[in-house]
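The structures considered in this document are given below.
In the two assemblies presented below, chain A is common to both, partnered first by chain B and then by chain C.
Here is the complex of A and B:
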């Protein structure tokens, strides 16, 4: 019960701070519109078969990934700059229970990116928002958000140790778009790239959402998304314990 | 001079030969690892209900020592226990039982209100949900922030942030408190209120480790004081014990305008000068000279300040600050 309360409070706390951050609001409001427009024009220029909804979902996932990545790296960096990381670490709550709700909240915030992309697609490009399996769509989206939040947790565990976490998160945005098939279909990429994509939740998340929206069986992809999420959680918790000790040894929790 | 620790029944905080080294690197292309010893063999113990001051100049190792005791840094060697728990092995047990307050205006979530900050930390510190509301209200009243709790912290003055820090440090009613320069940058009235709050916490039975730059603060509040310099404790005792170090001295304060480095150097070489420090005050310099009691040096000192305009000259009894200056500059 205490763990649930702690998680919920941390989630609300992060959501509140994100909603009051000009940078986060701009990222969430403007970026999805840009992503969606680029994806639609690319899709139309490529004269590919299929519906524009396929591109809209990919663009939405791009937005969720960007929000998760920047806010997970950014949260830790912000905490460090504000001198807030030390009080959080010095509290008796396990740091995993401080970090996890924050990354989950950041991913939840990214859900707005998906909604905004779909809305923009409907308003500007006239995409009909009809889903083949609406109930499974309603499961696939939260499963993907959860899994991305857990991936954010896994990545953020290493950001505890490195003072320049932002540089690392900036580096990871585009490659992940490419190797997970949210921007271009995986079939267009060299064969050696695919196994990398299989390890990343957005690959399965976008597949699950597309299958539930456009038709197909989304359950295997939902299962993979959640399974990978569990792996990220376990690895993140192990790494965090190790990195927290190293951070106390190397004095990287504060800037001074 | 060292105060007896045998008289205390329980040592709440105990540091034994603590060392902490930082690794850093110099150079751009040819990077060279450099080791900086911030704390070099610090030992002390603090009894239940005691207010212990750790004084020292910037970079002396005060904050590093506190960070090791509150489990934010691992000691390079040595050991420390708080309420019997080892700060390395039993970090979580230590964290449950201590509160800490860092000076300065950082360490709070600026975009949220004081109430949001306190609610979140109440949860992190495991304050039972039923008690949170009353506990937070009680602490807001204690630090004088009642009525301002719904405002965003980014609009708070430095003094208000500092008071919020104290409220946060007390949320779980810890029996041990670490206060690292809690009054730094706070206006005189705010600082006085904070000192009154600290005094009331001691009366309530808390054990407190306080670091400060302000000697009058240490003198007014602390039961015992340790002076730390270059990572080592160079003196320890009650404020009266420390003042005793300079009891056989006289302090001469000279207000000078435009005294050159060379002239100050000449003053240092005058026989009978035990220690000398200079405080810059707007256009003037306040030269503080300690000499053996009965050794009248005023005229000689003024004579050696040729080229500078001399204002007020005062001969007075030494204070704790003079003892501190003597300890830090003469060793």
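Here is the complex of A and C:
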């Protein structure tokens, strides 16, 4: 019960913080609309207008990834700058249970991105929002959010010892958009890129959401998304334990 | 002589002190890594969407990525004085404001040209983009004009940052809106009229048009109109930036609000 309360409090606190952050509003609301518009105009100009819902879903997933990447990578850095990373680590609660709800909340906040791109597509470009499997769509979206939140946990745990995590986050946005096929099909990319995409949750998340919205069998992709999430959780917990111990031994937790 | 020293040495020190991304650990992933993947992403998206060729996206994004230093960096060069608490000390000096202001722009112009050149070279190496060797001097001139114009726009945002609470929100927004409005990935003719009209008064738009012309083999004379338009927009931004800088300085002294963040 105490663990659940801790998780819920952390999730609510992070959501409230995100709702008041201009940067997060830009990342989860404005930026996805801009990218969705670019994709809509490009697809219209290239006579691919039948793929506008495809583009809306892809741009939404791009927004969820950006939100997860910047906020989860940035969480530790932000806590460092604010000076409460050390008290959080020193507190009796396991640090993993402090970090995990924050990364899950960051991914949940990314749902705004998907909502905005779908609404923007409907309002500005007249995209019909009819889903082939609405119930499976309702399962695929939270499964994707959960898996990306766990990926964020894994990333954040890897960033404990890295002073310039934010800079790495800046570089990882476009490559992951590219190798996970959120807008560009993987078949257009060199063959060696595909196995990289298979290891990343957005690849399966976008496939699950697209199959449930546009038609297809989303269940295998939903299963892969959740399976990868479990792997991220396990790896993140191991990394966090190891890196936190190293940071304590070297007295480099604050890294300032 | 003093003004020249403020322009050169002051500009260099301000660059090192105020540009958050000057460390190689941040510079390389943020200013070289990220922009390269931006070029690749939009080039592949262009291939999938089935309109325009790689050269269109390489030149459009290759020129626009100068905004990483020109917009973000130039904004930091002015607005960070306030965030780092050094603005009062700076404005208490009798230093020529014009030399001080101009000196801050130059490192970001050089930096922006480097970032764009890096992007174009990688675009040539990795994608289907091969401009004629004879077009390179003209392309360099177009880059110089466009990056200068973009830097002036960044300084304008930085000057607003002397008063605004969150100017980095504005510089982030400006960067992403450029991708949509400035003909970077979509020709202005394919945008609704009002969006094209906004794009035509923003920096970078005409520079990209000129760069595309030059890369396709046109001479400087053929792209004189967009190049002059880019120069004019840059000059207007520079005048507005300097005017706002002086206005906010005077106003902040009067209202004792220099350090308000």
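A few notes on this one:
Here is the rule we use: the second predicted complex is superposed on the first by the 249 of 256 C-alpha atoms of A that agree within 3 Å, B and C clash if a C-alpha of one lies under 4 Å from a C-alpha of the other, contacts with A are read in each partner's own complex, and residues count from 1 in each chain.
Following the convention adopted for this analysis, a residue touches a chain if its C-beta (ideal position, glycine included) is under 8 Å from a C-beta of that chain, and two chains touch if they have at least 3 such contacts.
Keep in mind that this is a model prediction, so the values were computed, not measured.
Superposition note: with chain A as the common reference, chain B and chain C can be accommodated side by side. Superposing both complexes on chain A places the Cα centres of chain B and chain C at an angle of 80° as seen from the Cα centre of chain A, in steps of 10. Of the two partner chains, chain B is the only one that A:87 touches; chain C does not reach it.
Once the two complexes are laid over each other on the shared chain, residue contacts for A:34 go to chain C alone; chain B is not touched. By the touch criterion stated above, A:16 is placed in contact with chain B alone, chain C being left untouched. When the two structures are aligned on the shared chain, A:198 is found in touch with neither chain B nor chain C.
Contacts of A:245 after superposition: chain B is touched, whereas chain C is not reached.
In the superposition on chain A, A:43 makes contact with chain C only, not with chain B.
Minimum C-alpha separation, chain B to chain C, in the superposed model: 10 Å. Overlap of the chain B and chain C interfaces on chain A comprises no residues. Listed in rising order, the residues of chain B touching chain A in the complex are 22-23, 70-74, 92, 95-96, 100, 102, 104, 106-112, 116, 119-121, 123-126, 129, 168. Here chain A touches chain C in the complex through residues 22-23, 26, 30-31, 34-35, 37-39, 41-48, 163-164, 166-168, 170-171, 173-175, 177-178, 183-185, 188-189, going by the rule given at the top.
By the touch criterion given at the top, residues 2, 5-6, 9-10, 13, 16-17, 20-21, 82-84, 86-94, 98, 245, 248-251, 253-254 of chain A touch chain B in their complex. Those residues of chain C that touch chain A in the complex are listed here as 21, 23, 25-26, 29-30, 33-34, 37-38, 40-41, 44-52, 166, 168-169, 172-173, 176-177, 179-180, 185-187, 190-191.
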